[in-house]
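Labels A, B, C and D are assigned to the chains in the order they are written; within every chain, residues are numbered from 1.
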Amino acid sequence: MEPPVIALEDVTVTYRSGFLGGTGFDALRGVSLSVGAGETVGLVGESGSGKTTLGRVCLGLLRPTTGSMHFAGQPFGNLRQRRGQLSVVLQHPEWALNPRLRCGRSVEEPLVLTGVSAAARRARVDEILEQVGLDPSFAARLPGQLSGGQRQRIAIARALVTHPRFIVFDEAVSALDVSVQAQVLNLIRDLQERHGFGALFISHDIAATRYVSHRIAVMLNGEIVEDGPAGRFYGAPEHPYSRALLAAV
Amino acid sequence: MRLAAYLLPRILAALITLFGVSVLVFLSLRLLPGGYADILLGPFVTPEARAVIAQRYGLDQPLVVQYLRWVWAMLGGDFGVSMVTQRPVIAELLRRAPVTLQLALIALAVALAVGYPLGVISGVRAASRRKRRDFGRVVGAMGASVPDFVLGSVLIFVFSVWSLWFRVGGYVPFGVDPVGNLRTMLLPGLTLSVFGVALILRTTRDAVLRVMTEPHITAAVARGATPGAIIRRHILRNAAIPVVTVVATYFGFLLGGAVIVEVLFSVPGVGLYIFNGLLNRDYAIVQAGVLLAAVVFITINMLADVLYALIDPRVGAAR
Amino acid sequence: MSGVARIARRRLRGDGLTLFGAVSLGCLLFLGIFGPWLPLGDPSRIAAGPRLGAPSAAFLFGTDELGRDFLPRVVQGIRSTFLLSAIAVAITAVIGTLLGMAAGYLGRHTDQIVARGADILFAFPALVAGLLVAAVMGPGQASAITVISIATLPLFIRVVRSVTLGVAGRGFVTAAEVAGASTLRVMVVHLLPNVMGAVMVQLTYALSIGMIIESALSFLGLGVQPPDASLGSLLRQGSAYLTIAPWMVLSSGVVLSLAIMSVNLVGDAARDALEPLKGRPLT
Amino acid sequence: MTAMTAPLVDIADLVIEYDTGTRQVRAIDGAALQVFEDETLAIVGESGSGKTTLGMAAGRLLPPEARVLGGRIHVADVDVSDADDDALRRLRHDKLGFVFQNPTTALDPTMRIGRQVALAMGGRPAPEAIAELLSRAELNEPQRILRAFPHELSGGMAQRVVIAMAIARSPQLLIADEPTASLDASIREKVMATLGRLRAESGASLVILSHDLRMIARHADRVAVMYGGRIVELGAVGQVMQAPAHPYTRALLAAAAGNERPGERLRPIPGTPPILESRCEACAYAPRCAFRETRCETERPEPRAFAGREVVCHRAEAVIAADQSPRQEAR
């Protein structure tokens, strides 16, 4: 059987704070989580529960204090080794893109970093823009001329342009309006069917999360308190906290 | 507890800064071509004098040892001896310090008394009337742009033609003749304050405008509070936070500006003393004076940090 | 681009003060740059007119104690005051931007070291530091440039550092990091263009501070040395004859103040454009 | 509904534009709305629909770049757009209460909670009275909270403080702008419940501005759907949510995640919301509308009563008819 794209085993992250690092605070405690190819795992929980920390660990931006992390069966290594293999889509559409770069430049940056030739880059950028539902002419625009939904599409195009094996969506639709949110959620589902990447979908919005996810993990105080198929979150999940989250839907 | 956790790193940082400043001051004069003995003694050096100096200051020792001795001597109150008067520099500096302090306090008092209220008024008006053009900008731009020596020169010219009540030069200590003292000190003090008025006015105006963009002001308006009450209860305290920092910075300017104004108005303060030390190549004075000014400035900034923490409850709290 | 121009024009129309600053800065820069080729007379020609002559049709700003025409001397002063400050500030801006970006983006030890370094420089009141520098390096242009750098470097570092901190937390920087971009690439491609606005604003303020420091040092005789003239050294020259020939102090003083003010006004406008403060009325 | 009594809020033909510095943007394009006593009305819409502008206009709290170009706003018999500063202040002080989106910024960061609440109550309330008010807003340990600064409170606690301040003087009208949007999902429901309970106890009316359809369905009596600066559908929550008569309402419900069954696909609305620069002489929704016909693009629809509600649509009949089968579980 193919190893999961990303696998965390008993990961703990401790932040040191205070003068001379006196007190420690566990942002994550003994978290184990794996995401398979073509699978979306939703990660829900309130602010401060450790969702974003977990996302940063999965992206290789933060080293676990203890525990192990594997990428496609291999030890994670560092981000340079993983160029083109993983990417991220973040919350604020207005901050997702460098306002000084034309969108085409933003989208092609991961390709530049993996050493793709200029001609191949241009073709690939046009192709991926079309896949996220944007006209290739958007490549010449500056982010300031785009709506929030369009910017988030560009960000998704940038995340997908190297055919990564793993993508983290960190509150990627939270700042979008209802109708745009549906567009982007559908886009994520369709693109995953097509490209087969593994995804971690981090959100405080359980309704959006269960719509795009195959599995959902619920975080509370740095621990995963429930991890089950998304279908369960349309009915009655086990953990009382999960049910509290669902009450607001 | 919160205050201690906030202040401890700052005190540490201030000590590191102090250390850096002392190293810079130390090195700046020791590493000169010609050597420290030349500097201390001027161009006419006899070999005997050089030997005496070298021994006295341990100039044959490694730099680190020299530095430590120098610091140790200062901790014991020995900041060197003036070449001209052969008196301890620190005594001379301390004797003149009250004069400069008086000058600085006059300037600071005027700057705060004029700048802060005008800044508040200007900020509130600018927010309410949507006008980019208002007196705050004009006064601020002009005050920040006329250098003190230009203003001072003009004042000297004016009052040399029409003497009026003020006097240029002829300093008398306040204790001896309060009125005579003020006659000589008010002009240089006011000259020094103009930049401060502009600085504090601009900072206050910006701070007020910034506070007035915050939702809690809208919330207060929505509760039906009167403009006066909103200004008194919500704006003044919030806007004071950046002003505290700027006042500390202004103090640094005052220490430097004192040099110019004291030279211009012949006020016998620290600035004039250091300047004359420089002209006489009496470098022990310059060295000690610069160090002292930096120490005062660092201390003032520390105090500002404390004040800041008292005004803004968010300071020092975990993010 | 035309959008920026349009906004600039709209701003200027409703704002005479900024317009005044921009126009007078333009005129002063023109005089400073093209002064030597303008038919204003020779600044160093002795006995071109009477000694300490009052302003007249022939000598608009009067003459000095050697009978030199004061107008071309003031123009020469504008040139050297601007030039000296601009050189010092430009060098400082480059160094300060690099250090501030490094401190803000790399964080941790780099941040600590740079921040402490900035604190140390900041602890020297500018003119007091000027005395020390003059003692070490001797009076002259190099001293002036050094003092201006000491005074303005901490400002650049602090502002750039804090702007960098804000930008570094944004999504596009994280995305580039995840894509495997090197630290240098992130700084050059993603951070630098986004801190430039703040750098430009700071540049104008630093320039006005630089001009004040340069002229103050020259006024004290520690900066530009005769026979070269800066606005500060002209004031020094004039202050010796303050009571009998006040036009020397007045003309160079007014021009100096005007120069600093126009730089300040343009800086204010740049900052307003970058970070508009819109408070709400209290009713 | 209490249609017989005079409405507490009466807004008609309201037109508001913003001067963005480069152009005029019309945020409210002829909106009409009445709020009656003792009811909860929700105004829903996406960003840019004009809901916040409408809510703030009721207290004349708009930012200065906003211009009211026409129409009428009466709140508790005060003509808000015409009142002088004093009358306006009295209205806000005695009859209105506002709850803002982000509670931590709606509180003065340098002032202790106790003093802020006291200022909102007016006079010199006893500490017990302040604590009592905080307990009514379901804040445990009011004594500790009194001494706290805003940054020491969680978002949920801060919002309860803001709510307590809003009801401190028993206002007749509460306006809450996205009151739970900045809070964690697990406490949203509780904070809304508190707000609803306090409203019911005091008999005030509550206007909730929100984009969250599901939350509104649980907490409002009537709902007003905004699009392009107008109220396009207005009626009882159950009716509007279960059988929308405006194509935009219908599309919005179909696009919102949360109503779908497992495996079912969301149906996004094609196109983007309009940004008006002047009066819209057609239906603003027409370019995105599945039901549009030629007159939708040439003729501005006016409000009309239809199927027990008010709707601004030429094609409402067709919309209702098309909606006989699905979508029965808006809860």
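Here, a residue touches a chain if its C-beta (ideal position, glycine included) is under 8 Å from a C-beta of that chain, and two chains touch if they have at least 3 such contacts.
This structure is a prediction, so every number in the text was calculated from the model and none was measured.
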item: Required steps from chain B to chain D (each step between touching chains, minimum); value: 1
item: Identifier of the chain whose CA centre is least distant from the whole-structure CA centre; value: C
item: Pair exhibiting more inter-chain C-beta contacts, C-D or B-C; value: B-C
item: Centroid spacing, where centroids are CA-atom means, of chain C and chain D in whole angstrom; value: 51
item: CA centroid of chain B to CA centroid of chain C, Å; value: 21
item: Chain A and chain C: spacing of chain centres that average the CA atoms, whole Å; value: 46
item: In chain B, residues with contacts to at least two other chains; value: 218, 221
item: Per-residue overlap in chain C, given as positions that touch at least 2 other chains; value: 278, 280-281, 283
item: Contacting residues of chain D [partner chain A, same complex]; value: 46-47, 155, 184-189, 211, 213-215, 251-252, 255-258, 260-262, 265-269, 272-273
item: Interface residues, chain C side, partner chain D - complex; value: 3, 6-7, 10, 278, 280-281, 283
item: Residues of chain D touching chain C in the complex; value: 21-22, 63-65, 85, 88-89
item: Chain D-touching residues of chain A, taken from the complex the two chains share; value: 44, 46-47, 147, 149, 177-183, 185-186, 204-208, 210-211, 230-231, 234, 241, 244-245, 247-249
item: For the chain B and chain D complex, residues of the former touching the latter; value: 130, 214-216, 218-226, 233-234, 237-238, 241, 311-314, 317
